[in-house]
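In the two assemblies presented below, chain A is common to both, partnered first by chain B and then by chain C.
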Partner chain A sequence: MSLMDQLNKYRIGLAIIGLVAFLAVPFVITDKLLIHLAILGMLYAIVASNWDLTLGYAGVFNFAHLAFFGIGAYTSGILAVKAGVSPWLGILAGGATAALASVIVSIPAIRLRGIYVALLTFACSQLVLLLLLSQPLITGGQQGLTGVPQLQIGDFRFRESPFAHFYLVGFLLLCSTIFLRRLVTSDFGLSLIALRDFEEYAVARGIPLAQQRLLAFLLSSIFPGMAGAVYAHFLIVASPDIFGFSLTTLLLSMVLVGGVATIYGPVFIGVVMTYVSELMASSAWMSDVFGISRGPVRFMFVAMLIVLTMRFFPGGVWGLINQLSSRVRKQKQAAADQHT
Partner chain B sequence: MSLEAIVAIIAGGLVSGSLYALMASGLSLVWGTVRMFNFAHGALVMVGAYSAWYMSNRGGLAKALQPLGKSIIESSENSGALGGLLLPLGEWLVSMRGGFGLVLGVPFAILCCGLVGYVMYVLLVKPFVGKPGADLVVIITTIAGASFMQNGVQVIFGPRYKQLDRILTGPPLQVLETAIGLQEVLVIVLTPVALLLLHFFLKHSKLGMAIRAVAQNDDFAHLVGINVGQIYPLTFVVSSILAGLCGVMLGGLFFILPTMGAQELLFAFVVVVFGGLGSLPGTIIGAYVIGFIRESSAYIFSLYWAPVVLFATLILVLIFRPRGLMGGEES
Partner chain C sequence: MATLLSVSKATKKFGELVAVDNVSFEVDEGEIYGIAGPNGAGKTTLFNLITGIPYQADAGRVAYRGEDITELSPHKIYELGVARTFQKETAFDTLTVQENVRIGAVFGTGMSPDQYDSAVEGALESLELTADRDRLAGELSLYAKKRLMIASAVVSKPSLLMLDEPAGGLNVSELSELEALILRLSQGETTIIIIEHVLPLLFGVSNRVMVMDFGRRLAEGSPEALARDDDVIEAYLGERGKDAFHAISG
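Moving on to the complex of A and B:
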């Protein structure tokens, strides 16, 4: 029995406690920066946990997931700035274009194996970046798309309240996590795992490889697209930095350090990593130790963290917790056996 | 299409093709031998450009050594025989105010890239060789490595762009009434020389033959007494040096930035897939073909649409011939 099964026993109680704790957060934490980071962290957590579906469960070397996030951000941003479309519709449109992009990427990707998938998806995400940079009149080019309107309901502007974005993004993360957990424990999720672990056998048992992989891409792109749209309206800018190596590394570290093929791992570690890395960027001792530019230094730490995780804890934090809890249980079992 | 345009496309295609060939041959060599894909290859290009700049430019090492040179001169004036020996050194350091030139810059870049390549192999690749799922893990660790190097260089040199000195100065070469810059001519001429050197190294030197043997079958290579554990890092070093050379050439043509190399890496991906992963002749032919496709599509459509055309080419190749032009059987 793993940790997850144990948690499952008390899941209603845990869910209520979690929900109450979550709703109370903006009341307890009044520091604006912390709330800002929590919102950012939850947005990244959405991308990381959805990425986990293709990278972890389906075992597809997919490196295009941040592109879906970026496409969502730019779609909603451009619609709002250039066409005056309501940001709320923009969020839906962001999810839709991300889904469309995922289908376009996955059609060639599902025919390929291993390394070729990595090359193709990586090339795809860079291509999206090049296309965005090539149309500076629409996308703002290298500077990014500025002047993206913020979310509002009636006269209520979301950026004026510490609660609004927090609850909205939290709700999105909750929906995404429930959706993903449902998905990976369903027959569909099991078929993905089967294809990953023993492709020939799974195909021989009648699992349609191409269709399942395409669905995995599609289903895991919608929430990142919507998160990207919210991200653009939250920061009131859509920037090409989304496609850079640095953010890719950060998001990748969330999936890996959190634990591949767990969904929960990337969700929790996503929030924690955002907090830690932003804290590194803004802390005073970092600037004392490393001189002027401390922004880049945090990405160097993130990079080191990834390599160390891959080297020593391939299962990530979640895997580590599971391992420890099962070891403790075995020891208890052994002690109980000795008594009888 | 005018004659002028055709000459321009050919020259541009040769320049891009040369750069891609240098970069992609390293990627292909590592894939063929170690069966790993190095996503930090673009960052190595950047390291090559920066280290050449640091050695050759007056804002780099020369500037940092000025105080040392001055203090040597001062102290040697006060001391006896030893001071007399050191005086020329101090005077030389001060006289090199304008930088050490590319004569030292290029070897320094090669040295740096070789070293970085070796360290990268030891830290990012070696621990995972032979483990299940190593190819994915190494993609991830090398992406992390690329991010580490990009940000590290930004910490050291700052985000402002730099440029290498031109090796040849003078009016551009006139070919059929089309002007081609001398730097471009140099790239076109020197790349085949470098690739020929690589060819002779692989075909005729003992180490090169060992690399090819490991690429063909590492178990049997082991059986005939080749130390596979040494060939892997060697391959990484050779491939890094090629990336470094590409960086030196890029640095002479365009600006040097911490994020440079990422776009070239993308094109190098297209090239290796097009030419066939692991096949050096395929990669080199592929590089020039992709270079020409890029330049002609940039001319016919626009520079911005060239990546799209290339990408469409990539997808078509992947769909109809996933092993590329000259790629071997997938193992």
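Moving on to the complex of A and C:
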């Protein structure tokens, strides 16, 4: 029984406590920066946990997930700025274009293996970036697309409230996480694991490889696309930095440090890593110690964390928690057996 | 009786090596068809090119119920009712026994959820895996793993079951269990092709046996006829072995 199975017993109670605690956060934490980081963290957590579906469960070395996020951001941003489309529709459109892009990338990617998938998907995401930069009149080019309108319901403007974005993004993360957990515990999830662990055996048992991998890409691109759109309206800008190496590394660390093939790992560690990496960027001592400017320090730190995790806890934080909890349970079991 | 599988002039090369060389044979519905031959004869390669896993034939044709399946993708071949096992015991180690079997039932069988739930129970029971259902496949013993691989194939109620050396590494009592199981499976709707080095088992269950050597079909016939065939004995035992064999058997 894993930690989650144990928690499952009390799941209604825990869900209520969790919900109340979540709703209370913006009341308790009044520091604007912290709330801002929490919102960013939850958006990144959406991307990281969806990435985990392809990287962790399907075992596909896919590096296009941030591109889905970026495509969502630019889709909704451009629609709003250039065509006056409502941001709410833009969020849906962001999910749709990301889904379309995922199908286009996955068609060549699913037949390739290992490193070639990584190269292809990374190349695709750079291609999207170049495409965006090549059309500065529409996309704002290097500066990014500015003047993206904020989310609004009637006269209520989201950026003027400390709660609005926090609740909206929290809700999106919740939906995405439930969706992903249902997927990975379904027969579809079983088929992805089977293909990952033993491709030849899996196809020998009737699992259609190309179709399942394409579905994995498609189903894991929709929430990142929507999250990207929310991101653009939250920051009122869609920037090409989304496609940069730094953000990719940060998000990769969320998946790997959180624990591959767990979904929950990247969700929780995604939020934590956002804080930690920001802390690194704003703390002076690291850059003093290493004698380099503050910007790169956090990415050095993130990269180091990835290497250490892979070396010592390949299951990531969530894998470690599961391992410890099952050890405790076994000890309890052994103790109970001795008594009887 | 109707022909279920027909392989004609199948060839597969690995560079210079002709692993399967212009092999033809037919399997009738309901029979148990044995394949024998020394190591490296091309038996597994023949299974591979029939099922498309992991490659197809370079030349020749494979037909199933008269339909050309030479270039069909592996999962489609499974959909048609052809299920195989592998020579090396194979399982999804990080999944439970029950999940391993379930995979065989859910995909490509056209069963409804109710049907595959009960098919999974049936397969677990008939291969005596019910007690191990929640264990991880990776923790199983060799024999249990072999049974699991067969369970995940028979759960789909295949019309054609292809077993690649199911007896390798089994002890005497496991062997006789396996023999009983194969005969039981063939009493249902299932046609069986079996590759086996354990000749008593192979000759005991098979209606007909093909012997391969150096990628070629050397002989085919009833087990009784083959046991008297000099070429077959020579392929297995060599020239001197053949003389010795005749000396013993008179």
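Simple rule for what comes next: the second predicted complex is superposed on the first by the 324 of 340 C-alpha atoms of A that agree within 3 Å, B and C clash if a C-alpha of one lies under 4 Å from a C-alpha of the other, contacts with A are read in each partner's own complex, and residues count from 1 in each chain.
The rule we apply is simple: contacts are C-beta pairs under 8 Å (C-beta built on N, C-alpha and C of every residue); 3 or more make two chains touch, one makes a residue touch a chain.
Keep in mind that what you see is a predicted model, and the values were worked out from it rather than measured.
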Check your understanding: So, on chain A, is it clash or fit between chain B and chain C?
Key -> fit
Review point. Touch check for A:14: first (chain B), second (chain C), both, or neither?
Key: neither
Review point. After lining up the shared chain so the two structures overlap, which partner does A:209 touch, if you call chain B first and chain C second: first, second, both or neither?
Key: second
Point to revise | Partner chain(s) touched by A:200 [first = chain B, second = chain C, both, neither] | key: second
Practice item. Once the structures are superposed on A, label A:302 by its partner contacts, choosing first (chain B), second (chain C), both or neither. Key: first
Review point. In the superposed arrangement, which partner chain does A:23 touch: chain B (first), chain C (second), both, or neither?
Key: neither
Point to revise | Which superposed partner A:328 touches (first chain B, second chain C, both, neither) | key: neither
Review point. First (chain B), second (chain C), both or neither: which does A:191 touch?
Key: second
Check your understanding: Residues of chain A touched: more by chain B or chain C?
Key -> B
**Study point:** Smallest separation in angstrom, by C-alpha atoms, between chain B and chain C in the superposition
**Key:** 11
Point to revise | Shared chain A surface residues [contacts with chain B and with chain C] | key: none
Check your understanding: So in the complex, which bits of chain C are touching chain A?
Key -> 51, 53-54, 73-75, 78-79, 83-84, 86, 90-95, 99, 102-104, 106-109, 152-153, 156
Study note, to complete from the structure: Listed in rising order, chain A residues that touch chain C in their complex are 187, 190-191, 193-194, 197-198, 200-209
Check your understanding: Any idea which chain B residues touch chain A in the complex?
Key -> 31, 37, 39, 123-124, 127-128, 135-137, 139-141, 143-148, 150-152, 154-155, 158-159, 259, 262-263, 266, 269-270, 272-273, 277, 303-305, 307-308, 311, 314-315, 318-319, 322, 330
Check your understanding: Which residues, counting only chain A, touch chain B once they are in their complex?
Key -> 61, 63, 108, 111-116, 118-120, 122-124, 126-127, 130-131, 134-135, 244-246, 248-249, 252-253, 256, 290-291, 293, 296-297, 299-300, 302-304, 306-307, 310-311, 314
